[in-house]
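Each remark here refers to the structure printed beneath this line.
Chain nomenclature is as follows: A, B, C and D, assigned in order of appearance, with residue numbering initiated at 1 for each chain independently.
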Amino acid sequence: MGLGVEWAVQWLTLSARLMSEHREELIALDRAIGDSDHGENMDRGFQAVMEKLAQTPPETPGAALKLAAMALMSKVGGAAGPLYGTAYLRAATALGENADVDAVALAGALTAARDGIVARGKAELGDKTMVDAWSPAVEAADEVLVAGGDAVAVLAAAAEAAEVGAVTTDPLVARKGRASYLGERSAGHRDPGAASSALLLRAAATAAGFPDGAAE
Amino acid sequence: MKKLINDPRSVVDESVEGFGMAHADLVDVHTDPIFVVRKGAPVAGKVALVSGGGSGHEPLHAGFVGHGMLDAAVPGAVFTSPTPDQIIPATAAVDSGAGVIHIVKNYTGDVLNFETAAEMAQAEGISVRSVLVNDDVAVEDSLYTAGRRGVGGTVLVEKIAGAAAERGDSLEAVAGVAEGVVRNVRTMGVALSGCTVPHAGVPSFELADDEIEIGIGIHGEPGRHRIAMEGADAITSRLLDPVLEDLGIKAGEEVLLFVNGMGGTPLSELYIVYRRAAQILAERGAKVERSLVGNYVTSLEMQGCSISVLRLDDELTTLWDAPVHTPALRWGM
Amino acid sequence: MKKLINDPRSVVDESVEGFGMAHADLVDVHTDPIFVVRKGAPVAGKVALVSGGGSGHEPLHAGFVGHGMLDAAVPGAVFTSPTPDQIIPATAAVDSGAGVIHIVKNYTGDVLNFETAAEMAQAEGISVRSVLVNDDVAVEDSLYTAGRRGVGGTVLVEKIAGAAAERGDSLEAVAGVAEGVVRNVRTMGVALSGCTVPHAGVPSFELADDEIEIGIGIHGEPGRHRIAMEGADAITSRLLDPVLEDLGIKAGEEVLLFVNGMGGTPLSELYIVYRRAAQILAERGAKVERSLVGNYVTSLEMQGCSISVLRLDDELTTLWDAPVHTPALRWGM
Amino acid sequence: MGLGVEWAVQWLTLSARLMSEHREELIALDRAIGDSDHGENMDRGFQAVMEKLAQTPPETPGAALKLAAMALMSKVGGAAGPLYGTAYLRAATALGENADVDAVALAGALTAARDGIVARGKAELGDKTMVDAWSPAVEAADEVLVAGGDAVAVLAAAAEAAEVGAVTTDPLVARKGRASYLGERSAGHRDPGAASSALLLRAAATAAGFPDGAAE
């Protein structure tokens, strides 16, 4: 048996909590190489997600992610809003109407999300963007899937890889997004979008029951 | 950092509300989602101009809504591009059927949100053309960056394209005029201090008492490099020379010279910069035919300025001179 | 404190020179002694308006030279009243024979220097009338002070008296109009930060991160008292309430509401103050018929604002609405 | 024999030097209860005096003071410009065309100067203005004169009294000039105009040969 709508709702709920808890940290990351708003944008966006969840409880994981996509698209703004909006929308489409999500569906959804970000933002791996968290996450998920892991294992691997991916952005010189204006001066700082992506994927794993103190 | 605000989260709402009250003769303010439209819009048969972006650059953009300039402005959160669910109804509210131009400053967030909004507005049957402003010579325009930013030149694009729309030009023609301005305007800026985003509470960057930041944008982001403080004349050269080089201004050409304050610098200092900039242009044999000096595209309370040069021709000069009546720019009526 | 200047001693000269270059269509700048006159002055048959004061309050006063407002402005050193040897030739340069009004902000220095200049101009056969502006309710008007200061309300006096002069009123009539504005306008200001006079190099006063200064003037002088930082709505009440009390504004009366930035505060924050001020006036049943929001009477890069209220009648409203064309205030032409 | 034009020129020269040396101190005094310009204004004014002195060397003490009055009036600005301008002009008028100034003439000139300041500024003793330096100076000069002192003694007494007078402004609440806006907050600071007046009178005494290290 895979993950149901309770998981998806829990994922979004934990995400909202993490965005609120890490709001200042994400603002600080964005201050160093951007415009000081990423934590505020994500916090505002996930508050909107929580409001929508309360208003119209979704019936499937796909519906939950679609609802999140719409809320993020209309409340986050900046670069992250459309990118995350697209990611969650593509993931929702990939999951379809299924009430239950297995490892295969989950890996497919992660791939669709990543592809959505790339399609909108045109960033490549190493450009110091959220893609540097999502791409390793997708690859790790696929590996676990091939090795016969279940949905929880897929998410756990993705979360782990995204965290590592976020850290790898530290030395990079940005080539996309606002940090690219800084040229060489962008090196030595973590990309805020990669950091928030790692938190969101961590929330997905935790919601699926994978134990991790960091997300709680 | 103290600010004349109540709650960081209500800054944009309250400021735009006050703006609407102060300029009720010129604009209507919509809330939830928030956007500002020209009184009486849509204007029958006229191409509409919509712009927007993060807040914190006032008077840009809402201050330029009115006759001969924008039909709608869409303010995002501070330094955060607005969202499609604001841009779409703003676009719909001002479309007379003649089509809408989105004037978009080149930032990933602005581009993506306006792109989505344009697609959806098109799907609703509105003809939308987007014009990207990317005048900042401080940023290298290469495959390895997000491209040049849109900064001070935006106000010139809005004024001149607005005049073209007001005289009845078609959607394609107005877009062509706007793109002509974009091709012929370049800007570079300097910061003497950072600025503090209300929800962040600490300055975007800190400069020592003898440091300035060259090549800054308008979002409190650090610039290209930091140098030791210099006199205004030397700083003026640092900003203007790359602008002129990039534009390839030659002796005999006519230009508009725009010295823009970042929000916290006294007007008197902007005129000191203007003085040297005009001298440099004169030394190069260029003719300053039109001028603009003041705080038009700001970065909250940042201290510093930007210099923009627009290459003029008769058409652009005529459109610049055309009457305009907005809260922040007004002449001829 | 970094400034976009070259040499503290040449700040005024260079700034006014740049101002003259940027607005060569509107003004002529005289040097040594320095003063600014309206292009084409003297205007035949028209009463001329001359104002002046220390520099550092830009756009006041030079920014208000032009059609429908001032005929000449006389800038002193930063925060230092100009001298008779500047005021006298400025007065002579704009007198058409119809006489000259000196609009003088009530400071000992300004009063003494303009007094001397007026005497000497009279001796040269020019009819001079002086009008004293003293709108600052923060200062008690008693025998034990130099009297109320002239602050933000000055721009309203200059605009309205300028319109009266432009329509051809006599010297006495224009003076009467100006005095009518003075009687009906009151102002009070707040500082969130001090400002730094270029030749002094250190801030005029220092405020802690949680302190503001209530009842400041426009010369970086400390105010009446220091209080803990408050929200914009509370600060607005603190400024507006004494203004309304002193003016005795009653329900049904019409007013002009002017929220003036001190130079370093973002426009967006001025609109937050405007919003609450307009609400308070509405709660009292007063009608805000006209508005002005922006940096018009500044104190270098000081952060803060002042609120002015002018009681309107049909005459004042008509004169306010009359066309004006100056570098810093323009409408109707 | 009294004091000649050399004394007057030397007085103005020492004054210019003192204003330049004490420029920052006078700015600091004015910053506390005014607008930070008094030292700058006085320095600028006395530089102009020096330029005029070089251009057209005066032939009498009265001519020297008249020249100074004109330069101060046209270059100092603010409140101090017209006040000092009037003071020096009245003093010059009192001295007339005399080539030589004795104690009587000197005391008369000081009185005329003080009266000029009071006539223009309407300040009374104790209002915390330059009058608080000039009035005691005039009184002390008169006392010395009555006691039979010479010109140098008159100036020395005036300088001494002006200095004491300046110090007495410290606790006062200002009732004239810019400091009056501060109300009670003006107490506890020395009046900048009284301080500059004391320096100027000290320069007069030093120029007359009265030894004082402070002025050199």
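Rule of thumb we're sticking to: a contact is a pair of C-beta atoms (placed from the backbone, for glycine too) under 8 Å apart; a residue touches a chain by one contact, two chains touch by 3 or more.
The model shown is predicted, which means the values in this text are computed figures rather than measured ones.
**Q** Moving only to chains each one touches, count the minimum steps from chain A until you reach chain C.
**A** 2
**Q** Keeping to the contact definition above, tell me which chains border both chain B and chain C.
**A** Correct list: empty, since no chain touches both.
**Q** Between chain C and chain D, tell me the centre distance in angstrom, where each centre is the average of that chain's C-alpha atoms.
**A** 32
**Q** Averaged over CA atoms, how far is the centre of chain B from the centre of chain D? Could you give it in whole Å?
**A** So the centre of chain B lies 54 Å away from the centre of chain D.
**Q** Express in whole angstrom the distance between the two chain centres, defined as the mean CA positions of chain A and chain D.
**A** 75
**Q** Would you mind listing the residues of chain D that make contact with two or more other chains?
**A** Correct list: empty.
**Q** Mark out which residues of chain C touch at least two other chains, giving numbers and ranges.
**A** none
**Q** Considering only which chains touch which, how would you classify the arrangement: line, ring, star, complete or other?
**A** line
**Q** Check the chains against each other and report every pair that touches.
**A** A-B, B-C, C-D
**Q** What does chain C use to touch chain B in their complex?
**A** Of all residues in chain C, those touching chain B are 1-7, 11-12, 14-19, 21-23, 55-56, 58-59, 63, 192-193, 207, 209-210, 212, 229, 231-233, 235, 259, 263-276, 278, 288, 291, 293, 295, 298, 300-301, 303-305, 330-333.
**Q** So in the complex, the part of chain D that touches chain C is made up of which residues?
**A** Against chain C, chain D makes touches at 27, 31, 33-37, 40-41, 44, 73-83, 120-121, 175-178, 180-183, 185.
**Q** Touching chain A in the complex: which residues of chain B?
**A** 33, 54, 76-85, 107-109, 112-113, 115-116, 138-140, 143-146, 149, 197, 199-200, 202, 204-205, 217, 219-222, 224-225
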